[in-house]
Amino acid sequence: MKLHEYQSKFLFRDFGIPIPQGKVATSPNEAYDIAQELGGVVVVKAQVHVGGRGKAGGVKVAQNAEEAKRHAASILGMDIKGLAVERVLIDPGADIQQEVYLAITNDRGAGKPLIMTSMEGGMDIEELNRQRPDAIVREHVDPIMGLHDYQKTYIASAMGMPRAQWRSFGRILSGLYKCYSASDAELAEINPLVITGDGDLLAVDGKVIIDDNALFRQPALTERRDTSGEPDSERQAREAGITYIKLDGQIGCMVNGAGLAMTTMDMTKLYGDEDGIGPANFLDIGGGASPEQVAAALRIILSDENVKCVLFNIFGGITRCDEVANGILTAYNEVNPDVPMVIRLQGTNAAAGNRIISEAQIPHIISAETLTEAAQRAVAAVKERS
Amino acid sequence: MSILIDRTARVLVQGITGRQGGFHAKLMMEYGTDVVGGVTPGKGGEWFEGKPVFDTMRMAVATTNADVSLVTVPARFAADAIMEAADAGIKLVICLTEHIPVSDMMKVVAFCQRRGTRLIGPNCPGVMTPGQAKIGIIPAMVATPGNVGVVSKSGTLTYEVGFAMKNHGIGISTIVGIGGDPVIGTTFVDVLEMFENDPETEKVALLGEIGGSAEIVAADYIKNAMTKPVAAFIAGRSAPPGKRMGHAGAIVDGGEGSAEEKIMALEAAGARVAANPEEIPGLLA
Amino acid sequence: MKLHEYQSKFLFRDFGIPIPQGKVATSPNEAYDIAQELGGVVVVKAQVHVGGRGKAGGVKVAQNAEEAKRHAASILGMDIKGLAVERVLIDPGADIQQEVYLAITNDRGAGKPLIMTSMEGGMDIEELNRQRPDAIVREHVDPIMGLHDYQKTYIASAMGMPRAQWRSFGRILSGLYKCYSASDAELAEINPLVITGDGDLLAVDGKVIIDDNALFRQPALTERRDTSGEPDSERQAREAGITYIKLDGQIGCMVNGAGLAMTTMDMTKLYGDEDGIGPANFLDIGGGASPEQVAAALRIILSDENVKCVLFNIFGGITRCDEVANGILTAYNEVNPDVPMVIRLQGTNAAAGNRIISEAQIPHIISAETLTEAAQRAVAAVKERS
Amino acid sequence: MSILIDRTARVLVQGITGRQGGFHAKLMMEYGTDVVGGVTPGKGGEWFEGKPVFDTMRMAVATTNADVSLVTVPARFAADAIMEAADAGIKLVICLTEHIPVSDMMKVVAFCQRRGTRLIGPNCPGVMTPGQAKIGIIPAMVATPGNVGVVSKSGTLTYEVGFAMKNHGIGISTIVGIGGDPVIGTTFVDVLEMFENDPETEKVALLGEIGGSAEIVAADYIKNAMTKPVAAFIAGRSAPPGKRMGHAGAIVDGGEGSAEEKIMALEAAGARVAANPEEIPGLLA
């Protein structure tokens, strides 16, 4: 779960990290009041869950409250990569001497938290990593012991942080590690961490992503979820306990198991790509899905107007194919899809499941024995209807 | 014994009185696995299908002399359950549980390493040595005994491939589901190494997916240290970047972890990579 | 640093451990008001830093507020083993079904926290350990990992806690471990932890000792220090940065180093015991003590009227004996003791030190070369003056 | 090399720019100890008596190839400093610092054990192999080379005994001050075992005190595993129970840790226990 910039920075503040004294506005008038209160130059920043808002015109400097109001008016409601801007952060302008990059993330290969930091902050870390990988200091943290104080000295020294800032940088590093750790974050990033003309450090921009699997113990953070950037269908699926991701193709996929669901997508593309045909979604109904869940999943798939065919690929292991077949029939009767459905049931009780489907004598239903056959038939069905 | 388990494995099921734990414990016993008991805190003294239930792993191990544990408890209890097994002296812990926070797993993996306990998973279907024992949820029907080792991040995709192999008359030495989470106890390389050293394994099938770089590291191992042929499939060629495809670990992030780079690395290492998992039996023939 | 019962229990409460809803009174009228507010039967408990207050009459049950006032009047000001009672805790009476013992302490041999618990609570743990050692369950905690949840199940099961209480006992155990750990406690003890008639758990008495060396990071606890049980001389020494412990003998000891200070005490006793002569105190002036500190230490030693002789035993290692000799002379001139002083300087610059002392020609000063000689001469000096 | 250190030890001093650290570093160098540098965070790049000062142990070890570290930093930084040394690959850490919280030391001792780092102390005078090297604050004058190993919880008491031995013409193989704190890195038994296995040590002097049960455990070891004669002294016979006698560990608590029980145990184990430390040379003669 992503936090907005303002949410991330307010969270940093809870862990003792200095941030600008800005506030969030949802209207130009509010922006005016905040800018007035702050006084001087302010920055008006769009709060959306996409990168590149600066290039899109979502970040603007204002010399006074009147200008802040005008900027807010132009940014609020702006469309950035398909997302409407609902909030702007009004931050006081900072006296930037130097921009530093500082982040803590999960290094999955090492199975440890990884601190990445560089005196060349401001730019995207992936960009920096491509251009000047040696400018990034990387330090693992022992997940059980946590961050040692001596590591802070090592990092500050290795990155070339001026000595005058070691102490305050160390405090921020401790604070960020505590924040990352206490919030079950996958990423806690300050970019830029600014050294001001007075030699102070200030987290001017921030990004935090929380591990979805840990939200059960993060009630305060869970409340802050902003689903405005999420497609309706994905939100509905999430609420129904189904993993669904909308894609651009024409073949709706309903599969049990994440790996097999990806594979099924891949097969539709393998056989359909030359005709511009591919998967309309990722969907994993999980093990032992009920007829109600199958129906809900089917409705979600069909809510996508691009879908020209639905492909069921169920490998019955513990799941019994006859039960899934009944679920499909129930769902079919409830949802009444007007697109063809390719059904491939394999594994436990596959014969019985296929018999149930064929005996139901439903038009638009196409059987398949192997995944290859199923994918090929789904592609053919889409071609027919195009 | 092929690798990791054979019919002599003495298995405890943590969460045996739960719906999932009990269901699979029964199927394991039907398959011939020696399930010697289970653990559910607060239910010590009960019985499950003729096997004793204990309050703690310490008491369970002391009584049954078990050497493998299967963790089937809910996500918020799973980290503690794995460490409990390790502390009780269990040297092989297999964890099925999905949705364990990554921060828990980072601690648990470090903990198991220090204890010398091998952890398989979490979020995996388990381990099966066909004809001998299965520990986990892999269906009995997807494999027959043979000489191909299978290692996979995924559940049903593995069944699909196993089943296709069976239909082509190809048997399996051991199936190891390592799980699709970002941080796991046992990696592709760990299992490849075991297969390389296992006299009963002649070839290996590797089923990977997008996300992380475990397959790249595996390719490196295949290139430098493996003599046995490897056939592979990588799921997620059609997955968009930045989206988590069901498995917590299945995400192409910052240009890293794409199917293309994994396929290229594996092919460069000499593995034969299938575009369609149903081609795997052909590549192994 | 010891906490009083009420301080310990209020600390427990901060960590989610259920305690009786009592309050502290410093006067009989306050006790009346509290008892009135609580209603019903109450217990009036002396708050002093010694054991055995029950046997001394420091704990009394009152049926009503009037009786609570009377009990408070009799207990407040009471002398228990030399300590005056300044506060009483008024707790509501508990419906006691069973008394449980639960404590966490440092196991120095193992270098780990140790949980000790027993269904046979209420009595002193040392007593229980002598009578029924098998009734105590002992479980170490890994100091880095902390308490595992599974250990709580193990402990509850092994001690024979009824299953109905496992969950609440587990929560108390977690809370007590957090309390112990967050407070840098050497001991966090609940005795008794009561199972009430309703099956609830309640920490009816508590004892917490904080590691003095960790007080620098425990400002809130440090404020709660009650020095009323501490002799004035020990408090003065503590404030001067000197370790001093008052004993019953006649020979005041001033030594550098704790091990040598104990040894010096032992030697006075070894040679004086048959005449009833022994050490008046433990005192370690540490390494490189200044003349001011030597003078302060001398004043503290002489504030004890029993002292008939002062024995200086300084082994100069890094400390130079000539400097110490000058310190002694300065202290002598400032304090002007009227008791004989045996001075033994050995090690670095001992010859020079001894020359300084002998050249000062001070009456009452007795030189010695070895520790044995010094102890024997101090004993002889006391005998002379008896 | 006698035990633990000899003239080849390459020593870093953590806290070398501090008053205490610098003072003792100089004395160590005068004695002949090979002090190769020091560490003080924030002072990297400076020089101390011709030796380089580093910001971190990692950089110091990489540059100097040191193998021993002496920790002289204040109590609140000491736990971190010890772990820093262990993480930097140092296998022998000697910590002089007094007043470290016990909870820190419990973590640090467990940490060092996992890292395979031997910790001596804290709150100890250090280690000296007379005529070769001294690391810590033991004065040069208290010992000459010889064949008696000395292990002690105390500082000045050790000097007292060493000096008495020297005056009786008895030399020392190595002096190890293990420290008077409740939780320490190296115990009496650890050092007794080293002396037992050290061909240059023929006899051992053990200087204990009240508090804890380390001397009882040592008695057990002496009885069961030691062939070399042991002379001992236990300080604190006249100490009252329940009072902490200067050293954080020197307290008779709940009837445990009294001088009497330690003396009895040592005598029963065959050690010769002196009533007066100045008798030790006689017992060793």
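By written order: A, B, C and D. Residues from 1 in each chain.
The definition used in the following text is that contacts are C-beta pairs under 8 Å (C-beta built on N, C-alpha and C of every residue); 3 or more make two chains touch, one makes a residue touch a chain.
What you see is a predicted model, and the numbers here were worked out from it, not measured in a lab.
Engineer: I'd like the Å distance between the centres of chain B and chain D, where a centre is the mean of that chain's Cα atoms.
Structural biologist: 49
Engineer: Give, as an integer number of Å, the spacing between the C-alpha centres of chain B and chain A.
Structural biologist: Centres of chain A and chain B (C-alpha means) sit 27 Å apart.
Engineer: Measuring from the mean C-alpha position of chain B to the mean C-alpha position of chain C, what distance in angstrom results?
Structural biologist: Each chain's C-alpha centroid was found; their separation is 55 Å.
Engineer: Give the residues of chain A that touch two or more other chains, as numbers and ranges in rising order.
Structural biologist: Where chain A meets two or more other chains at a single residue, that happens at 144-145.
Engineer: If you look at chain B, which of its residues touch at least two other chains?
Structural biologist: 111
Engineer: Have a look at which chains touch which and call the overall pattern line, ring, star, complete or other.
Structural biologist: Chain contacts: none of line, ring, star or complete; other.
Engineer: Which chains touch, pair by pair?
Structural biologist: A-B, A-C, A-D, B-C, C-D
Engineer: Which residues of chain A touch chain C in the complex?
Structural biologist: 144-145
Engineer: Would you mind writing out the residues of chain D in touch with chain A in their complex?
Structural biologist: Against chain A, the touching part of chain D is residues 41-42, 44, 55-59, 77, 80-81, 83-84, 87, 111.
Engineer: What residues on chain C touch chain D, complex-wise?
Structural biologist: Those residues of chain C that touch chain D are 106, 108-109, 111-113, 125-126, 142-144, 181, 184, 186, 211-214, 216-217, 243, 245, 247, 255-263, 265-270, 278-279, 282, 284, 287, 315-318, 346-348, 370-372.
Engineer: Hey, which residues of chain C end up touching chain B in the complex?
Structural biologist: Interface residues on the chain C side: 145, 148-150, 153-154, 157, 163, 166.
Engineer: Would you tell me which residues of chain D are touching chain C in their complex?
Structural biologist: Interface residues on the chain D side: 23-24, 27, 75-76, 99-107, 109-111, 125, 137-139, 141-142, 152-160, 163, 180, 182-183, 207, 209-210, 212-214, 217, 233, 235-240, 243-250, 254-255, 259, 275-278.
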